[in-house]
Amino acid sequence: MANTQGKPVAVIIGATSKWQSDGRNTKLAHGKALDDKDLPVGVRWGVGGALAQKFAKEGFFTVLTTRKASNAAALEAAIKQQGGAYMTVELDLASERSIEAAFKTIRADAGEPEVLIYNAGYLEGRDLPAGKELLEHIPVEMFDVAHAIATRGPFLVAKEVLPAMRKRGSGSFFFSNNAKSLRGTKRNAGESLYYPRVMMRTVAQVLTEEYSEHGIHVANIVIDGLIDSPGTRALPRAHNNPEIIINPMKIAEAFYYLHTQDKSCWTHELQLTPYSTKPSH
Amino acid sequence: MANTQGKPVAVIIGATSKWQSDGRNTKLAHGKALDDKDLPVGVRWGVGGALAQKFAKEGFFTVLTTRKASNAAALEAAIKQQGGAYMTVELDLASERSIEAAFKTIRADAGEPEVLIYNAGYLEGRDLPAGKELLEHIPVEMFDVAHAIATRGPFLVAKEVLPAMRKRGSGSFFFSNNAKSLRGTKRNAGESLYYPRVMMRTVAQVLTEEYSEHGIHVANIVIDGLIDSPGTRALPRAHNNPEIIINPMKIAEAFYYLHTQDKSCWTHELQLTPYSTKPSH
Amino acid sequence: MANTQGKPVAVIIGATSKWQSDGRNTKLAHGKALDDKDLPVGVRWGVGGALAQKFAKEGFFTVLTTRKASNAAALEAAIKQQGGAYMTVELDLASERSIEAAFKTIRADAGEPEVLIYNAGYLEGRDLPAGKELLEHIPVEMFDVAHAIATRGPFLVAKEVLPAMRKRGSGSFFFSNNAKSLRGTKRNAGESLYYPRVMMRTVAQVLTEEYSEHGIHVANIVIDGLIDSPGTRALPRAHNNPEIIINPMKIAEAFYYLHTQDKSCWTHELQLTPYSTKPSH
Amino acid sequence: MANTQGKPVAVIIGATSKWQSDGRNTKLAHGKALDDKDLPVGVRWGVGGALAQKFAKEGFFTVLTTRKASNAAALEAAIKQQGGAYMTVELDLASERSIEAAFKTIRADAGEPEVLIYNAGYLEGRDLPAGKELLEHIPVEMFDVAHAIATRGPFLVAKEVLPAMRKRGSGSFFFSNNAKSLRGTKRNAGESLYYPRVMMRTVAQVLTEEYSEHGIHVANIVIDGLIDSPGTRALPRAHNNPEIIINPMKIAEAFYYLHTQDKSCWTHELQLTPYSTKPSH
C-alpha cells in the first residue's frame, strides 16, 4: 500500500511487540503463543501497535517496521478495519544496509516522515539463568546486540530522517524508552540487558539540543511500568497487581499529545508512571 | 458567585499576574502600568489567568485566589464573557490564618476542590541593585518571604485540600514552577530570589510519593522560559527574541492534559521549553 | 579557652550528637542513656565529635557549637587529652539572635573561621506514630523547626562567616547532609521530617556557584548510611548488619581531604556509601 | 620489566596523552610537536602520566598501556628516575583480541591488578569543520570508534579484571571521565564526539551496583575542566585563563584518595572543578 493520498507520514520503528500473542517474549515467558481474541484491539500489540493505530486514526499514513512482515499482519488488518492507511516495511536494526534500504522504500512509497517513533526493543539477557547477573557473565555478542538496537540504531535512523525534517523545519522524533534508561543499574535475573537504553536517552538529549532550533521536536518517553499486552497481562505479577499495568492506548495518546504541543512549549522528556507506584528516578 | 450548579471545582492559587497590565513586576520593569487592550484575552494575566480561563471553559467552577480581589476584576469579566463560572477569594500565602479562612470560604461556597494549581510567585530580590547578587546581601526578610510563598505556602495549602482528595480517591494537585527549581544556582542581578523554588519542587516530589497511591495526581510543571503577558512582552529581550516567549494558553493546555491523563500512566514532572532554547537541567 | 596561639579556626556547628551516649535520639530509641566507655573515642559523638577531633589533631583551634555546653563536656575532655585546642559556644540555630551572639563570641575569642562545617540535625518527626506518615499529619510547628535547622540556619550562618572568607579569598564551608537531601521522598514511620534537607543541599549549590570564584570551597557531603555512635550501634538493624555502619572517623577524614583539595580541582558534592549498599540517588 | 618484587599492581589504561609534547591532539591543535623540557614532570603526560607516577610512588607496580610502546618511553624514564616499578603493554582498545592479549601479558608478568584506571580517550570529531556539528554529519565510523573506546572498551576490560577482583574481595576500578559524560549535549565545532562518554559513566554506575558488595570500589571521576599538559597549556584560552587549568598531579591525588577510602564510606562519583568555574551538571 502506498501513500496515494499524500497524507503526513508517521513511521513506527518496531510496530509489533515481543509480547504480542505470538511474540518472542510471550513464548519465552509462557512457553507458547497465547490467544488474544478477547483483548481490546488497542492492546494486542503493545505500545508499537497502539501507536500505529493512534496515528492512523489521526490521519497519518502509518509505516510499520518490523523484522518479519508476517508479524504485522494482524495489526495491519486492525488498522485497515479502522479505516487507516498504512504500509509495512521489513527492517533489521542491526544492519546498516537494512536501515538504508527500508528508508529508501519509505521515501519512495510513503514520503518523508513527519513523525518518527523509535520503539525498538530487544530481549537479550532474559534467558541468562539466575547466578549470571553480573557483567562478567554477559557475552560480548549480547552486549553488541543491545548496543545495536539501543544506541547505533537510533544514530543510523536519525541520519536517515533528520536532514529532511531539518530542511522542512518541522517533524517529531520520539523515543519509546523505559525507566532503566535513567541511570546504570544492576541487571536482575530475567531482565534484558538494559543499560544501553541510557545511551538511547542520551541520543535523545543530544538531538534535542541539536535539532530543536531547527523546528524538530525530539523527546524521550520513559514508560515507567509494565505495558499491557497479551504476554504481559498473563504474567503472575500482572494478574496479582493489575494496577501496575499501563494501558498502551493511553501511552499512544501521550505521544500524540507531544506531537501536537505548541513549539513555544515543548516537552523533551515525558515519564509515564502508574498511580500505584513511585516514579523511577 | 457560588457554585450553585455543583460543577467540579478548580482552584487557581495566584490567578492574577505580577506581569499583568497593572501588575507589580510590570510597574517595576516599565515604571508604569501598560495598556493590554490589543492583547489576546488569553495572555493578559499570564499563566494564572490562562489556567483560570481554560478550566472554566472545560466546565469547572473556577476559584481565583489573589491578594486583592480588585486585581482579578478584569479576569473575572473575561471568564464571565466566555460563559464560565467562577469566584474570587482573597488569599495572603504568607499568613496561615488567611489560608485557613480562604479555604473555609472555598469549601462553603464552591465545594471541595477537584483540581488545585499552586501558581504563586514573588518578586523579592528583583530590586536589589547590581553588585548585591551574593547571598550575604540578601536581607533575612526577603529570604523569609520567598520561603513563605515557595515552601511553607504549598505545605499549608496541601494540608487544606489533600485530606478530602485522599478520602474521595481523586484530585489533581499541580505546581506551576520554573527552571530555577531544578537546582540551586547563583542569583543574577534583576532576578527574584529563586532557590526556595527548589523546595517547591521537592514538596511536589514528596506529595507524589505520598499521595499518588491514594488517587491524587501530583505534578511539578517547569515553565522553562519567558511567559507571554503585557509586562513580559514589552521587555526588550522579548521584543528582540519573540521565539523565546511561551504562550500561556498553551501552558494551560498542558496542565489540562495532565489533569486528563489516565491514572495508569501519570506524569509527575512536565517541563515546557521554547523550541529555540536548550532545555534547562 | 581562647585561641591564644592564633591557630586557624574550624567551627563545627553541631559538634555533639543526638546519638551520643546521653543524646536525645539515643534516649528516644533505647529509653535510656547508654554506656560508651568501651567505644573508641572517635565514634562516641558521631560525625560532629569526629570532625572536631580530626580538625583539632590537624592543628586547628576547634570551636564546638551545641545547644547546651554541658553536652560537649566529654568531647572537650577527649580533645584536651589528644592535645587539641578548642572552645565551646552555645548556639540555638532556631534563633537569629543566638546565632549572632555565638559568632560575636567566636570572632572575639577564636578569630574568623577558616573552616565551617554545618553538622546540625533535628529529630522532629521521629515520634509521630505509624499511620501518621503523610504530609497532612505533620504539624506546622514540626515543619517550621525542620526548616529552621535545615534551611534558615545555613542561610544565617552563611551570612555570618562568608563575608570575611570572601575578603580573605579562602575558606571551606561544608554541609554534613544525608541521602534524603537528594530529592523529595515519602516520609516513613520513625523518620525525621527530612525534605527540608533538600534545601540545605540547594543552599550548598547556590553558595558553590556564588562563592567558589572568591576562593571559598563549598561542598555538600551526603552521608549515605548509618553513622556509628553509641546510640546507632545499639540499634537492632546495626547489630544484625554491621556492614551498613559508617565509621565517623573516616567521614571526618573525607571532610579533611576536601579541605586540602587543590583549588584547581574542587569537589562540591561528596557522597559516602557503605560498600554493602547501592548508592542513593 | 616484570613485577619481581610482588608489588600490588596498578594498571593505567591510556597512560600516555593525546596532549603530550608529541601527542595527536597537540599536533592537531598546534601543527607540530612541542618542547616540554621546562614543564614539571608531573604534567608532561596529562592525567595518565600523573596517575602512573603517583601509583608508582605509592609502591605499586604500574602497568602503562598505550597504543605504541614508544609513546610511553619518556614517561617510563621519569618513573624509573623516581624509583618506581613499571612495565608498558601495547593495547588497542578497539580490538577485542588486543585487549585479551594485553591482559594475558599483564597477568603473567605483573599479576592480577589491584587497581585499574580506565583513562582512554579519543579525538574523533575534532577535525570536523565548523558547520558540521550536527549528528547527521557524523560519519558512522566516527561513531563506531567513539563507542569502541568509551563503551565497549570498558565492558571488555571489566570482563578481564573483575572476576579476579571479585574472588579476592578487593580492588579499585576507576574511570577517568569528563563533564560531557553527565548528559547528552550538542557537539560544538572542534570537540570530540563526546556522548558515548555518558555510557562510560553508565557502565561505572552498573558496576558500582553490581560489584561493590563484592568488595570492589568502582568510581567515575568527572574531570570538569582543562587538564594541564604540554598541548593544552599552549592553547590560547589556557594562556589567557590559567585559572581554568587543572593540575593533573592533583587529579592523581584524588584518584589515590579514592583508592584509600575506607569501605564503610566509598565515593562512587567524584567531580573535580576549578574554583573559577561553575561545576557542570
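Going by the order they are written in, the chains are A, B, C and D; count residues from 1 in each one.
Simple rule for what comes next: a contact is a pair of C-beta atoms (placed from the backbone, for glycine too) under 8 Å apart; a residue touches a chain by one contact, two chains touch by 3 or more.
Just so it is clear, the model here is predicted, and its values are computed rather than measured.
A comparison of the B-D and A-D interfaces places the larger number of contacting C-beta pairs at A-D.
Two copies of one sequence, chain A and chain B, touch each other mainly through matching residues, since over half of the numbers at the interface are common to both. Farthest from chain D in terms of Cα centroid separation is B.
Centre-to-centre separation of chain A and chain D, using mean CA positions: 36 Å. One inter-chain figure worth recording: chain B and chain D are separated by 48 Å, centre to centre, where each centre is the mean of the chain's CA atoms.
Residues of chain C in contact with two or more other chains: 183, 186, 208-209, 278. Remark: chain C residues 96, 133-136, 138, 140, 143-144, 147, 151-152, 155-156, 158-159, 162-163, 166, 183-187, 195-196, 198-199, 201-211 touch chain B in the complex. Remark: chain A residues 208-209, 212-213, 215, 217, 223, 225, 243, 245-247, 250-251, 253-254, 257, 261-279 touch chain B in the complex. Note for the complex: chain B touches chain D at residues 183, 186, 278, 281.
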